[in-house]
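Next come two complexes, and both contain chain A; in the first it sits with chain B, in the second with chain C.
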Partner chain A sequence: MLKQVEGSRAVAEAIALCRPEVICAYPISPQTHIVEALGEMVKRGVLAPCEFINVESEFAAMSVAIGASAAGARAYTATASQGLLFMAEAVFNASGLGLPVVMTVANRAIGAPINIWNDHTDAMSQRDCGWIQLFAETNQEALDLHIQAFRLGEELSLPVMVCMDGFILTHAYERVDMPTQAQVDAYLPPYTPRQSLDPSEPVSIGAMVGPEAFMEVRYLAHVKQMRALELIPGWAEEFRQAFGRDSGGLLHSYRSEDAELIVVALGSVLGTIKDSVDAMRERGIRIGVLGITCFRPWPHDAVRAALAQAKQVVVLEKSLAVGLGGIVSTNVRTSYTGDARAVRTVIAGLGGRPITRTALESAFTQALEGSLEALSFLDLDRSVVERALAREREVRRSGPIAENILRDLGVVGARIR
Partner chain B sequence: MFQIRIHGRGGQGVVTAAETLSIAAFLENRFAQAFPSFGSERTGAPVVAFCRIDEREIRLREPVLKPDALIIQDPTLLHQVDVFSGLAPDGYILINTTRSFDALGVGEFVRGFHATHLCTVPASELARKHVGRPVPNAALLGGFAAVSGRVSIDAVAEALRQKFSGAIAEGNVTAAREAYEHVRQEIKEASHAKAG
Partner chain C sequence: MSYQPVKFYQTGTFTVGNRLLPPDVRSVQSTQRRTNSLNSGHRACQGCGEALGARYAMDAAMEATDRQLIAANATGCLEVFSTPYPETSWQIPWIHSVFGNTAAVATGIAAALKVKGRSEVRVVAQGGDGGTTDIGFGCLSGMFERNDDVLFICYDNEAYMNTGVQRSSATPGAARTATTMAVGEAPGNVFGQGKNVPAIAMAHEIPYVATATVAELHDLEAKVKTAMGIRGARYIHILVPCPLGWGHASQDTIRIARLAKETGLFPVFEAAYGEVTSVSRIRRRQPVEAYLRPQKRFAHLFGDPPNSAVIAQLQALADRNIRRYGLLEPQEAA
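Now for the complex of A and B:
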């Protein structure tokens, strides 16, 4: 059924259709409207049987999800930003134990300085935690990916993180097609755990493993993720047949068949990029897009094939590996068969900085002209940076950088961008 | 694509206005996207929200930088925030006020605009009368339907009923309908003045 709803609401309804049995969340910022809506559905008895557990922290949220999943329940939680960092130890445990928890990460920046806005730093900080990481381009895809996530996670016995851009998607009202309960039930069978704690047949989960076996356990985790690469396209195809939508899968190419320049990105910024690409195509420029839906496992072969014809690649990413540059682009370089120097990194949208079509088209034009640097920062205010650097050169105790810059900029409230 | 930017203050229902407008457009089988400019959620702080309406799927995620229409929920923002940023001379401006553009000190700025695209509506007063609280967003949406013709007043009313319930919904619908008539009258007078 078509609906005009907030992204968080759409995901909450989709989660409810997946019949989770335990939902746990720490009800404080950075939390989403998703669990708020789910909490309400459980309380009203619309979502039953399901236990909604208000926990005392994000660490507890993931720990409870682990416990519930180990006991054979379909478990869900959501978080973002510092909340994800606070649960990090348990995040690694969920995947190490092979428990198919599904978690929404409503992507946001990581402090300091404090910032509540969107970028991908939170999810990228956990990229090697052993979870499957999927990135949604639209609210429709976000809700579709959650339905696929339970199927995927439970079949492979792996946890799945569905990443959707905080605010840009979670707080946006747009049209979604909400599936029916019958459709979801037909696609997602009841959870049959591959392992579970059962008092009548006791086992240990989470024993200490020494040097004699740890390597093998970790290797098998890698094998499982590689298997996911083989299975994900099939499940996405099955989803397409059942729901009529091309959501999920490993990646999506757009107008890239004859493209000289391919822009690679994750998440909602793909929409703005596609509008830019359409405009540039009208001017006769051979440019295309590669959207990465599945970031972990990294779809090495699929990315290699998708970029095979491209002479130039621009990776636009919403996170910065301080001291290196791009995270996604470092991954892309391992899969690009051409000259690695043709892969350029554009860091954009950190801490909610709007990514505009004008800025994108300017960067893509520079790439085609050969003047785009290997690493660049979209819409970076150089004058602000120079002023801060000058201050540090002149005065040893020049004060905290963030506060000094805010003073330089004056009141920034209510700026349109 | 038609792009609307709504300026107001925290507590005036700026974000709700954008969302409701997107629902109204959706009800008329159009694609619509609404989202807030995040961060200033404190009561009284300047707030901006955006709405896009199109005949096809909207992919663009940047803020509305070149609005086709502006809704100003609080006229005290006119000289405090760059509310007119990016607005084309054929754009629409709807201000919640009992005063004129000249009296608000923006008469000079709007000199080249179409007279029928410039409207004011006493939205806070209408809200106080029909809802009991001076929250001007619903009345302004009624005014927007009249000045822009981009959504029907019936769709706005239906969207308000989806967003609110009971007496609040009906009060808002009444306020929106009265604002709609008010703005229609204003446009009629402006076009007569132009013809005369």
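Now for the complex of A and C:
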């Protein structure tokens, strides 16, 4: 059924269709609307049987989900930013124990300085935690990926993180096609756990493992992720047949058949990039897009194939590995068969900085001309940076950086050009 | 099936012989009917108070729930000595997640059981004092505050023993640990108020809070069974001496635990909804010195000359407990 709803509401309704049995909620922007909507459904009795638990921290949220999943229940929670970091120990634990919790991450920057707006630093900080990580481009895809996430996670006994851009998707009112309960029930079978805490068949879960077996346990986790690479395309196809639309899969190419330059990105920024690409295509520029939906496991072969013809690759990413540069681009380079120097990293949109078509087209043009640096920062205000650096050179007690910069800027606000 | 219970006779105590007691209250050391939830073969130290406490607590909980029990366990000695891969001493469904989240994991299990209509299956969470009073405290308080249907048992050996005897918020004043060294002007742990988690649990006004020691296993078992007869958040704090960390002889675990109670340093009581409902009175009051002397962690107090000021400080704490909880028989207190 077509609906015009907020992204968070759409995701909440999709989660409800998946019949979760335990939902843990702790408020953090911008995911809060999702659990609020689910809480209301549980309290009204629309979503039943389901336990909705208001916990005291994100660490507890993931821990309650771990307990519920280990006892055989379908468990869900949502978080973002600082919350994801606060639960990090339990996040690793859920995947280590092989518990198929599904969690929405409404992507948001990590402080300090504290910042509630969108980038991908939170999810990227957990890229090696053993969870499957899927990135939604639109609200429709966010909705659909959650339905696929439960099936994927439960088949593999692995937790799945569905990442959707905070505010840009979570708070945007857009048209979505909401599936029916019957459609979801047909696609998503009831959860049959491989392990469960049950007095009739007692098992110990989470025993201490020493050097004699730890490598094997970790290797098997890797094998499971590799298995996901095999399963995801088939299930996306099955999803297409059942629901009548393309959603999910490992990655999506756009106008890239004959492209000299392919732009790689994750999440909602793909929409803006596609608009830029359309405009540049009209000017006869051979440029295309590769959107990565499945970031973990990394779809190595699929990325290699998708980039095989490209002479140049620009990875536009909303996260920064401080001291290195790009995170996604580091992954892309492992899969690109051409000269690794042709893969350029553009860090963009940190802390919610708008990513404009003007800036994008300028960067892409520079890449085609060969003048784009290996690592660049889209719309970075050099004058602000220079003033901060000068201050530090001149005065030992130069003060807090962020507060100084805000004072330099005078008026605080988004500086959209 | 016929079976022969092995009777347990405590020596060096004030108990009368088992044979003088009615059969239903006689202590039984081993019987085929015992569940042995924490089975033999684990790797706890000789004389481990925690292993003893956990074995009795879990077996009592199993009996009270007709063996419909799931346990969540914090990281720590109990987890490490009971489950080195691929062995496990647990005969019950058991999960270890991380150090600080045991109460929350138990909440999740209880929620899953409720939603699946299996509320006859009950949940116990357990951890040491570190996993309870320090790193696990946030999740514990959350579980209490929501009144989740979980019994949390703290086995309190008053320090981080698994990592090599470091101070926790349950470490008593003056006690030597690896991080409260017995050197300097004020050797051992500083005197604060510590963190009185039984009192904090009571402040959450949960249905049941109790303390116990491994010196009185009947009392411990009775409290676990009482707790399992109640729905909602429950807390039992069990003092479990640690020969390694406290520096006492391994055969003295029970004696030391008893002295903790008989000096008044560890009050043994029950509380319901924030109010004390019963106390286990001191039978033969002992000065704190009797408890402190056999423990190497307090050895620095008994040099030449002894540190009488600090001993008096500890005695004052014991006296305050005796006063506050009414630990003496009325005629003795008068």
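Simple rule for what comes next: the second predicted complex is superposed on the first by the 407 of 417 C-alpha atoms of A that agree within 3 Å, B and C clash if a C-alpha of one lies under 4 Å from a C-alpha of the other, contacts with A are read in each partner's own complex, and residues count from 1 in each chain.
Just so it is clear, a contact is a pair of C-beta atoms (placed from the backbone, for glycine too) under 8 Å apart; a residue touches a chain by one contact, two chains touch by 3 or more.
Model, not experiment: these values are computed from the prediction.
Enquirer: Once chain A of both complexes is superposed, is A:22 in touch with chain B (first), chain C (second), both, or neither?
Expert: After superposition on chain A, A:22 lies in contact with chain C alone.
Enquirer: Output check: A:6 vs chain B and chain C. Expected answer is one of first, second, both, neither. What do you get?
Expert: A:6 contacts chain B only, not chain C.
Enquirer: Is it chain B or chain C that touches the larger share of residues in chain A?
Expert: C
Enquirer: Indicate the residue numbers of chain A shared between its chain B interface and its chain C interface, in ascending order.
Expert: Chain A residues touching both partners: none found.
Enquirer: Touching chain B in the complex: which residues of chain A?
Expert: On the chain A side, the touching residues are 2, 4, 6, 116-117, 167-168, 171-175, 268-272, 274-275, 352, 354-357, 413-414, 416-417.
Enquirer: Flag every residue of chain A that touches chain C in the complex, lowest number first.
Expert: Chain A residues touching chain C: 21-22, 24, 49-51, 53-57, 59-60, 62-73, 75, 89-90, 93, 97, 197-199, 201-210, 212-213.
Enquirer: For chain C, which residues count as touching chain A in their complex?
Expert: Residue list for chain C touching chain A: 67-70, 72-73, 79-80, 83-86, 88, 90-98, 100-101, 104-117, 121, 138-139, 141-142, 145-146.
Enquirer: Please name which positions on chain B make contact with chain A in the complex.
Expert: 5, 7, 18-19, 22-23, 26-27, 31-40, 45-48, 57-65, 77, 80-82, 85-86
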